[in-house]
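In the two assemblies presented below, subunit A is common to both, partnered first by subunit B and then by subunit C.
Coming up: the complex of A and B.
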């Protein structure tokens, strides 16, 4: 780009804006591009308003506050500013870490959840072999047969999935509100438990074993950059071998910045009731 | 059909075409997960050598999934022009590759032979092509489409504005959309993935995007990427949808897992033509991606490149406005690292273009894959050189609802400037009028989303 022309356009535009501003309100100090870049240079978590001369300054704050998306970030040429780009890389580093975490055992104890495992083996294998995360180990099967009430109306299962962090952060809010909601509708829940190394379709294996009317699986989602703590609730009417993805109903993005955990628990209860009434789930539920 | 060869002192005997097709693929974790990949580099080369000598007729005469048992196969078979196929039936796959890459072969010649090819033949030739072959061959093919505006012209790189929000907040979506528009992104589509798959939610988002388009006279098209049944319900309730969307799989069983079949797509096609708000004639948006059939255990032992080609064979029936492969979304069990994702992105783009589809690519990765943003930069440049119709634009490449990273508004603007590409013509005229772009470059005003408040 011809930089002198660009600079001239820029200066003209800034002058116009300044005139407008001066006539309206006490003048804001003119922000120049280089000074905003150095603000908060030591703290990559603080994102400041970087658009140097927005058409509507208060409006820009309103936009930025309305979404966790990385907007109002400005640019140098067509590229992002340095701090913004480095912040993104920091968040990516954090997301990678959360994949290798473990769910807090005290949390599971406190909520009365015992644990079984799938055949996942280890994290690397879990990533490459989703089929193994869909099958509970033989020892786990024996435990479930012995410990769980068969043919429950509602079976609740928790799994770490791709983010143990998601369970640690949300389960203590979602789980009690889900139980309250199930109670309030006069429904009965079976024996809840935790599955380590689970994939969504582990619902089918558990469905075959325990034959619930509706199964609710609370599972950690693949971690994102904005949140590595996002949980999903997958629900299915009579999950069995051969159940297809579109038979499942899902509420995703359960975390404080997305669907609030307590509300999610109550909403899951409402959906479970609908599934029992209509004897269907997924795209057949028609909500 | 010869299935035996000698490579480096060893004789290889393959059982059938399905095995040759799978083992001729470049290495992919998904084929390994399915247990059908070549055991080592030599076996892979043996399969490629065998495949290079097979003829187009061999491929057609040995269906991997017979039309009698699979409706996607029937759609692909029904589309073959028999006269053109007869002209080329004795070509080997090696000859097909050399024809496509030949200096005398241009867009018109490729368009003509493409009508005589099945998706399996397209997949076969792809397996014999290098990454640069795939770039050059695809760059010869121009596929333009029209919904409300025309995209896909040579020299045009469009962007989908993808202003998703983790709770479907309309103000939040609008904020990210304003940011996209201020960088010149949104000519392919304003397309939003909803969290809540309900008709009311779809209708609200369609109304909100339409309102922005009308207020600022933006020459583009809107779409909400809910399940097709949900969109149909919303449209019947009066929602303004310029296009309808659906994810596709390459087998009937795979589509069943998505909750669709050809009859449902036909019904939706009829509905969007009667009650959609788009001008047309292209009124569909499809998404695909290697590995989805295996993920649904609906792959019938067929490799993921071939199944991906079959998705495009199905898509072609509906003359879509845009198609994209969400190449790195599915995860490391299908595409393990950046090398595999880059290869798959180039394969998918070429295979779609060869089947005359308006291909875009969601150049993307998840956080559990061995890839990072630098790899996306690389693939985006390669695809821009290959003439990709559009890329996905997400604020700073970070989708805060789908939890993956794609390409950013900045990236598309940068690719346009670096590769001398432009937005779609009607959209660029609008950008000029808004003062966002001048002579194909961003002005000092660009990047300020408050201009739309």
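Coming up: the complex of A and C.
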């Protein structure tokens, strides 16, 4: 008991000293905790070399530019700098937040997407029972039967999957671009909607219900430490129960630092057209 | 998709020699199956290199078209390829030959006869770049910290290209060449090119036709010539302070002379550097010029500078190999166009830089496009389809609404200044051509056509050629780069209030 009080006192003193030091050097603001945005939105074009007096600055810059991984972040003694450690923790927290987050309802309204749910129940269960994220609830099934145009040529579905953040960040760029592309190719899209708590293979259940020629599922990817906003587009020609993974085509890593969202939207339309022309998807579609 | 190979040619018509090569280029997908498709030239193989011919001339200022075509068609025959086999390539006319009366006509004729997408090029800067790539200076610079220069020295000019970490950072041309002074085996001066006279005067040398010169004196001139050039390349001599440097530079100097780590020499002089040094006037004058002596004076001089001299991968064939293997690039694979409109040749580039500031102020953005189209209408034929290629750079990532805004203003301003045009061509630096293309098409209507390609970097004043799609999706593109130096002046930032004063 006694020793733990001592430790607390010690930590407090260290923090006080640190704060004093930080206030002496106001040139570098601490990470703004109010928004994870400041951490992620650091302009990818501007590379700051954190290594003091690098032997070869241009070479180091080139290496840092070549990867989004945390390289060349410098150290103090054998440990990372507090700022880097906090940034790492912050990115990790953002990843967790996007799993537990919810898609902005206004965004769905604005894009005219109504929502149904899978049998995921809650996020804890969603993580433990992927199978339950592959089936739409009975209420959802009834809604889809009533609201959706059956046997559409192209069915577009949006789901939060493992990152609500991904949908919030990219849907307003990818979705209209995809609609334009579908339209430009003279294809017709069915009634679009949002599935809460969806897994990729929810495509099969929806396929059984609505019998689309091609289904496009825009879904949040498993968040990583580089981006928690990455979205995938899974596409399948006539998805039905028993469809295997290799029948699906995917464009992944859709976010401003990866596959460019608007271009992805336009290209998904091209892939849909090819699937309709060749009546195939996944490994059976040569692109 | 399996990699596909295409056949390419390069033809170099230089001051003293003409040569051609046939190569094949491997086009392969470089992006993963989960990404947007992207194709690049993954491999370049030299299939055939012709003999080196003297450039056929008719009199002093005309190229002999008939004999030139005989040489080229004969070599195509030896290489075993016909016109239909060639998918791409470049004919380049270099050095003083480019100043001959019929040079432009010849090079276009040759390009047309050689294949559908064989392009005609000229220009000292492009020549320097192609030679530098053919000599391997760009690849070499990937392995060095400092910059690597290649100086391609032929009969009439020396074209230097400087690369840093694989990227070209500057080109410069000197009036240095093996045939600028012609002599016979006894030391009688047969001819002194007018191109060299300013430098000779500035350096205090008097050379006249008919004069006799000793081996020692001629060697001194060659050494002095090399010193002037290398003093400039190493940053020792500055043109504004040194008359001899000014007299030796052809065209503009480099904006900034970078610190060179290595230097290589290609061209005819590069080859002669690898041969035995001439010890007498008669050994020097084997081609009735100073070439061999200049080469060895250069080799000796290079030892006195802080950069390393390294052997070029190719010497006399550097430019032609560069032309045959390095002139083509592949556009991004997600594009918007009608293949029937291709190929397109010699489209001038009008460049626009889109900034966040412009996107935040749509009124300025609208003015910006209108002003650009207006200047385009003054410069180019408003009835050509397309009259020019609009190049967009600046924003690596655009949102859907920004893209719509941009396409709206492009269509508005284009329709206003080019009402008769049936085709609009847009080149994006970043990957959004398909999305922008479909947005443009929606607005411009079905009667007009849109060509929109991306991931091609062009500059204001460049010319661009686009070939027919290879395997349906790869658009071959040749960018005919003009001077590096002129770029800064013409791509300056946009100032809306500037209109009246221009």
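Rule of thumb we're sticking to: the second predicted complex is superposed on the first by the 216 of 287 C-alpha atoms of A that agree within 3 Å, B and C clash if a C-alpha of one lies under 4 Å from a C-alpha of the other, contacts with A are read in each partner's own complex, and residues count from 1 in each chain.
Here is the rule we go by: a residue touches a chain if its C-beta (ideal position, glycine included) is under 8 Å from a C-beta of that chain, and two chains touch if they have at least 3 such contacts.
Only a predicted model underlies this, so the values are computations on that prediction, with no experimental measurement involved.
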Inset, instruction - For A:252, select first, second, both or neither according to whether it touches subunit B, subunit C, the two together, or no partner. - result: both
Inset, instruction - Check whether A:270 is in contact with subunit B, with subunit C, with both or with neither, and answer first, second, both or neither. - result: second
Legend entry - Which superposed partner A:107 touches (first subunit B, second subunit C, both, neither): neither
Legend entry - Partner chain(s) touched by A:172 [first = subunit B, second = subunit C, both, neither]: second
Inset, instruction - Tell me which partner A:187 touches in the superposition: subunit B (first), subunit C (second), both or neither. - result: neither
Inset, instruction - Check the residue A:51 against both partner chains and state whether it touches subunit B (first), subunit C (second), both, or neither. - result: first
Inset, instruction - Could you tell me if A:63 is touching subunit B, subunit C, both of them or neither one (first, second, both, neither)? - result: first
Inset, instruction - Scan A:280 for contacts with subunit B and subunit C and give back first, second, both or neither. - result: neither
Inset, instruction - May I ask you to decide whether A:130 touches subunit B, subunit C, both, or neither, giving the answer as first, second, both or neither? - result: first
Legend entry - subunit A: partner with more touched residues, subunit B or subunit C: B
Legend entry - subunit C-contacting residues of subunit A that also contact subunit B: 56, 59, 62, 252-253, 259, 287
Legend entry - In the complex with subunit C, residue positions of subunit A that touch it: 44-45, 56, 58-59, 62, 172-173, 176-177, 180-181, 184, 250-253, 256, 259-267, 270, 286-287
Legend entry - Partner subunit B, residues of subunit A touching it in the complex: 1, 6, 9-10, 13, 51, 53-57, 59-60, 62-64, 66-75, 77-80, 84, 88-89, 91-92, 95-96, 99, 127-131, 162, 221-228, 230, 244-246, 252-253, 257-259, 282-283, 287
Inset, instruction - Could you please specify the touching residues of subunit B with respect to subunit A in the complex? - result: 29, 33, 163-167, 169, 171-176, 178-179, 183, 195, 198, 227, 229, 256-259, 295-296, 331-333, 336, 366-368, 372-373, 394-405, 408, 410, 413-414, 417, 441-451, 453
Inset, instruction - Using the touch definition up top, name the residues of subunit C that touch subunit A in the complex. - result: 1, 34-37, 145, 165, 334, 396-400, 403, 430-435, 437-439, 441-442
